[in-house]
Amino acid sequence: MTIELFSQLLLNGLSIGLIYVLVASGLILLLGVVRIFNFAHGEFYMLGAFITFGCCEFLHLNFFVSIAIAIVLVTILSLFCYRFIFHYIRGDILLCTAASIGLSMMLLRGALLSFGTQERGLHPPFKGSVGIGQVNLPAEKVMAILLCIGVMFGLYWLLMRTKVGKAMRAVKLDNEVASLQGINTTRIYQIAFAAGCALAALAGGIMAPVFSITPSMGHSLLLNCFMALVVGGMQSMLGGVVGGLVVGLVLSFGMYFVGDLSEILLFAVIGVIIVFKPGGLFGEPEHHE
Amino acid sequence: MKTLLETRKLTKFFGGLAAVHEVDFQVRESEIVGLIGPNGAGKSTFFNLISGFHPVTTGTILFQERDITGVKAHKIASLGIARAFQAATLFMELSVFDNVFNGLHGHYHEPAWKAFLHLSSVRKEEQGARERVREIIDFMGLADHADRKARNLPHGHQKILGVCIAMATAPKLLLLDEPFTGMHPEETAVMIRVVEKIRDSGVTIVIVEHNMEAVMRLCDRIAVLNQGRKIAEAEPQEIAHNPEVIEAYLGSDEEEL
Amino acid sequence: MNRGSRKKGIIALGCACLILALLPFFTDSRYFMHLIIMTCINIMLGLSFSMLFSAGLVTMGAAGFWGIGAYTSALLVLKAGLSFWVAMPLAALATACVAFIVGLVIIRAPGVAFIIQTMIVNMILVQVFGHFEFFGGWAGLLDIPAPNPIGPITFTGKTANYYLILMLLLVNILAFYALYTSRIGRAWSAIRLNARLAETLSVDLFRYRLVAFIISSAGAGLAGSFYAHYFQTLEPNMFNVFKSIYIQIYSILGGLNFYIPGPVIGAAIITFVPELLRIGKEIEPILTGAVLILLVIFLPGGILSLPDRLGFFTKEPLAASSGKNSVQEQQEKRVL
């Protein structure tokens, strides 16, 4: 294998993987802080992509402005969902799974009926390709990579350095203690929920020029994000990063070497990992209560 | 008197922090030993190690002179070590009776397949179990509440129920984790009587507790942990005047001895 | 459970059996009979989900094991020439074996990780069924023969198949009931309500969870075997995660805390109501989704929790919880 090929596959894997990282981070945030498992997360991603597409194509707005609008709209929707649905079932995994599956069904079918099944593509805001070393990547993929990395650093800064972030981490550790310390847990839940869903919408916007836009794009993405969670564990952001990257890289290399069977290769990799670490690479150790 | 439980240089690291550090500890049969120390001293971790809920980093645990280090929690329970937890750990949705009934789980002799077929030998065994539950509930003074849901009991009764369930496993060693925390004076008096009754019935007890009055009253010996290490071990009166112990407590804003 | 309510339960079951046994005589509609048969299959699948739930495990992969039973049975008959009556128990056994191996790996996973891993297993199974020509590939298996005749009874019509599935369902219910009322069922309950406490009572969490996983999957496999020879066509996508989700809905709708009546009611409603209301395939997911959300918020204990919620029974039920708070609390401590 040549260096060129390897780098190409590597960068390709990164661009896919980083999106999984973004979306998985949102899921982990929801799971850890708000204790909610959100099956409809993929649909928020999809809506992010569609709104970005709509703003660019029909309102002729700047790409980054479109993403911002998408984030805002999806965040509003997510707060609405939190207020009327998740607020009541916070903490109960089974009920959350069921409710978010219901939400996912509604959003997906609604999108299918509204937008139809045709694939749409968003013309990339930057044309051409970028040369990195001897490798050529389309400009939008490079932009996607850079944006994702930027967002992850922003997320790190948010969680580690800001008051809100520290409050979120406190709530994740122990919400009773956190509220005793004067943290308004309800407000934190709302913020965390909104942030998590915003991440998904952001990811959707970023990917709008990269992948084709269809109503079911969120669904297939979500499945791969679940794999990322299984690989990396659901306990920490680090798990999300590692999990997402592993999935992206395995799929990228797998697509080249075994084509159709790349999914099965991914399953095999996951299988090996969970035999040794049931909770994921950075997850909880064995089911131990 | 035989040594029932012994730990040798028992150590547990969480990441870089030693929660329990080279603790040597013995409990002899029919004793009541107290384990005290400021918050964060490692007492609950120590119990978790003995119960098998955390893997040990280094050191050994011996029960009846058998090495039980690394044995899984459910096996340790079958060996005769029972545990009552700090926060009322109960089957909240079940009645008091059903809670204690579950405690007998480890004592059935008839195999599981016979239980599935509901053969008469199993039914007889379960009938016996039900009688045993009645005995325990009466012994502990909860007879009036036998059919109430555990969730509906007042706090003090919930803690007694926790001890009941532990006693149903017919243990040789009972680990009581803060049985008096959060109790009114009347409830405390009841719990003290309960512990004394248990000791009289031949069970060895180790108590982790902050309520000094109860500890002084009940314990034959007291060991003191601070920051994971055992800093003192003696009879109650001596412990009260031990300068290191007082230091440990004053240093961490604890209630005075 | 005391004598009085056990007697009532037996009488109720007896009446239900009588009505169900006489059902074919009151209807001529093949379509109606088909719906009833599908309901019975779905009930068996729901029972499978509920058994795992009773031990504190949430599975999103029940359909996968349904598929293993179906494909195994179909292949044993089509390729090995076995009689259906031999293939069926073998299919259930095969499903149990796969469940054993899968369980060894995934039961150790905590909380949400377990749920996702069951989904992944389900997806793997669908991929396996679709990828390999041995299983008929994505086009599936066609022309699977009906069960071999027993004496004068042939299984080409709805009626004979109906009685067969009814009997399988009855066996399933009785077996599960026997388990739930035994010390095994009590251990499962203990694990579900407070796993840590159960451990201190000598309950081997892993073993009991594994047993629940194996038995529940075998039940699904049994249903799968029947389905293969009743429907006579198998396609990998019949057994995908969506079906697993629906199976979950049966139990949630009926009542999570009612391990046997819950799936019965839930499966019956989900199988019949969309057909009766003639809801277009187009908007069906929207309505189902909305119903699911409303259900979870307003009636998390399911339909069978209504009497309790409305205060019909004044005596505290022995081992049932109806309010969402209690479910929430248990779940919170247990799964996360």
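When the chains are written out, they are named A, B and C in that same order, and each has its own residue count from 1.
We adopt the following convention: a residue touches a chain if its C-beta (ideal position, glycine included) is under 8 Å from a C-beta of that chain, and two chains touch if they have at least 3 such contacts.
What you are looking at is a predicted structure, and each value in this text was computed from that prediction instead of being measured.
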item	value
Farthest chain relative to chain C (centres taken as mean CA coordinates)	B
By count of C-beta pairs in contact, the leading pair of chains	A-C
Centre distance in Å when chain B and chain C are each reduced to the mean of their C-alpha atoms	40
Mean-CA-position distance for chain C and chain A (Å)	32
CA centroid of chain A to CA centroid of chain B, Å	45
For chain C, residues contacting two or more additional chains	196, 199, 205, 329
Sequence positions of chain A contacting 2 or more other chains	288
Where chain B touches two or more other chains at once, by residue number	53
Residue ranges of chain A touching chain C (in the complex, touch as defined)	31, 35, 37, 85, 88-95, 97-99, 101-106, 108-110, 113, 223, 226-227, 229-230, 233-234, 261, 263-264, 267, 270-271, 274-275, 278-280, 283-284, 286-289
Partner chain B, residues of chain C touching it in the complex	178-179, 181-184, 186-187, 189-190, 193-194, 196-205, 316, 318-321, 326, 329-330
Residues of chain B that touch chain C when the two form their complex	51-53, 72-75, 77-78, 82-83, 85, 89-95, 98, 101-103, 105-106, 108, 112, 115-118, 122, 126, 147-149, 151-152, 165-166, 168-169
Partner chain A, residues of chain C touching it in the complex	53, 58, 60, 105-117, 119-120, 123-124, 127, 131, 195-196, 199, 205-206, 245, 248-249, 252, 256, 282-283, 285-286, 288-293, 295-297, 300, 324, 327-329, 331-336
